[in-house]
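Going by the order they are written in, the chains are A, B, C and D; count residues from 1 in each one.
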Amino acid sequence: MKLTAQQVEDLIHLGFAAKKKMLGIEEVRPGFVRTRLPYRDSMLRPGNVLSGPALFTAADLTMYALVLSHVGPEMMAVTANFNMNFLSKAKPGDIIGEGKMLKLGRRLAVMETLLYSSAEPETLVAHVTGSYALPVKS
Amino acid sequence: MKLTAQQVEDLIHLGFAAKKKMLGIEEVRPGFVRTRLPYRDSMLRPGNVLSGPALFTAADLTMYALVLSHVGPEMMAVTANFNMNFLSKAKPGDIIGEGKMLKLGRRLAVMETLLYSSAEPETLVAHVTGSYALPVKS
Amino acid sequence: MKLTAQQVEDLIHLGFAAKKKMLGIEEVRPGFVRTRLPYRDSMLRPGNVLSGPALFTAADLTMYALVLSHVGPEMMAVTANFNMNFLSKAKPGDIIGEGKMLKLGRRLAVMETLLYSSAEPETLVAHVTGSYALPVKS
Amino acid sequence: MKLTAQQVEDLIHLGFAAKKKMLGIEEVRPGFVRTRLPYRDSMLRPGNVLSGPALFTAADLTMYALVLSHVGPEMMAVTANFNMNFLSKAKPGDIIGEGKMLKLGRRLAVMETLLYSSAEPETLVAHVTGSYALPVKS
């Protein structure tokens, strides 16, 4: 690993100039990261479930954290493709993300992320695959 | 069309209990909708470009508006699959969405959405396809 | 399970009126299926690697087998969305598919499939997610 | 354009060492290509409709032709992501592909392809987006 969980958490906090803790990094190991996006009321949508944008945010940050922990503080990795299948309505709670590296190439990192709500931790809420374009080294 | 642009705009405003205008519906016709998500500073991410969650929100609301205008006020249509390709960095501005119905079946609506920033209206920022599960009629 | 591995294999063989064994079903259990698409020279593309259409076939049949084994001989389930990330070049060999049910709803089954070549069984060749529309029961 | 329709057709024919004409290239212009995959009986699946693998082949070759015509005979461009929405059953016929370049970057080409059957040319059969990784220039 190029970075620890704490270093990834700090980098994301700094990068977004966040006032509050943005994303908790709970575990980092080769090929894997577990994250927690703290619940806020603004995450809800009509029907009192976690909104699509909140789930998108959790998945995107999880994959960003996974890239960071594997390639180091290359802040310029950018999302290229993002594919999400919505599986269950998500009860209000922190969003738990489990990110898995499928391929770490020179130009592209391909990842999978599973999302859960802390209010119902056994229920898979969404399945995401995404690819990030990596900056070319000079 | 089951609903006018104004009716769709009002339904989304009501559904999200929004204080400010949520999403402008600029055009509605068979198979097509054009929307405008007003710019707010909270849409920016590091690098001063429109964030992934903001683009996701614009695309998701555009497809929701497209379904609403075609099937009527069925507020229970839910996103099933969402696939986004990020094409260009988006300069700060309103997000313009052009939604096109690819298939309106009994169980599933499949749509395409193109996203632009009003700050650079010629540049395609993201391409999205999505499917919504339609409520079964009883 | 509604069907055994042998029953699924027979149904696919019959459905496609195949002369040779079409797809081997190696394991069936709740939420999971393992398949083997036998190697043929026609699966190769320039560069001597397994072709995209061959990988597509393996993934699509794997998800079809997974649906069949869970819902019974409903031959009318049809692919709605198919998303594939190509991860590594695949050496010539049988294509091994591991299918996992992510959600089995009333209208839609959402699945994930991992593909490997028997010539290099440790290397993930492609990651697929797909959804199938299920026939409405009358 | 780097290549004419005829040159693209010849390159694909040569690359696949095809005995029969593989893919017709009917039109090539900046950002666009129209192709025709000739009908063969092996393209059918149960129900007498064009199969998923046949549609995949048509879409993949269309996007390959689109890349070739824009970047020249770089035979090493490889599919990275492929997302297909199946919209209508396709009656037996040639598969017509309309490919559109969404973004031609240095590392990635992102494209959209619409598929039709010549037996019912007004009906959109499938919508595809795909990205190809481009070889790094040395």
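To be clear about the criterion, a contact is a pair of C-beta atoms (placed from the backbone, for glycine too) under 8 Å apart; a residue touches a chain by one contact, two chains touch by 3 or more.
Note that the coordinates shown come from a computational prediction; the quantities given were computed from them, not determined experimentally.
Each of C-D and B-C has its own count of C-beta contacts, and the greater count is at C-D.
In terms of residue-numbered contacts, A-C and B-D present the same interface, as over half of their contact pairs agree; the other options in A-D, A-B or B-D do not. When chain centres are set by their Cα atoms, the one at the greatest distance from chain A is D.
We define each chain's centre as the mean of its Cα atoms; on that basis chain C and chain D are separated by 23 Å.
Separation between the centroids of chain B and chain D, computed from CA atoms only, is 29 Å. Separating the CA-averaged centres of chain B and chain C is a span of 33 Å.
Each of residues 80-81, 83, 85, 110, 131 in chain D touches at least two other chains. Chain contact topology: the protein chains form a complete graph, every chain touching every other one. Contact residues on chain B toward chain C in their complex (touch as defined above): 80-81, 83, 107-108, 110, 131, 133, 136. Put simply, chain A touches chain B in their complex at residues 15-17, 45-46, 52-53, 56-57, 60, 75, 78-86.
Contacts from chain B toward chain D in the complex involve residues 83, 85, 87-88, 102-103, 110, 112, 124, 127, 129, 131.
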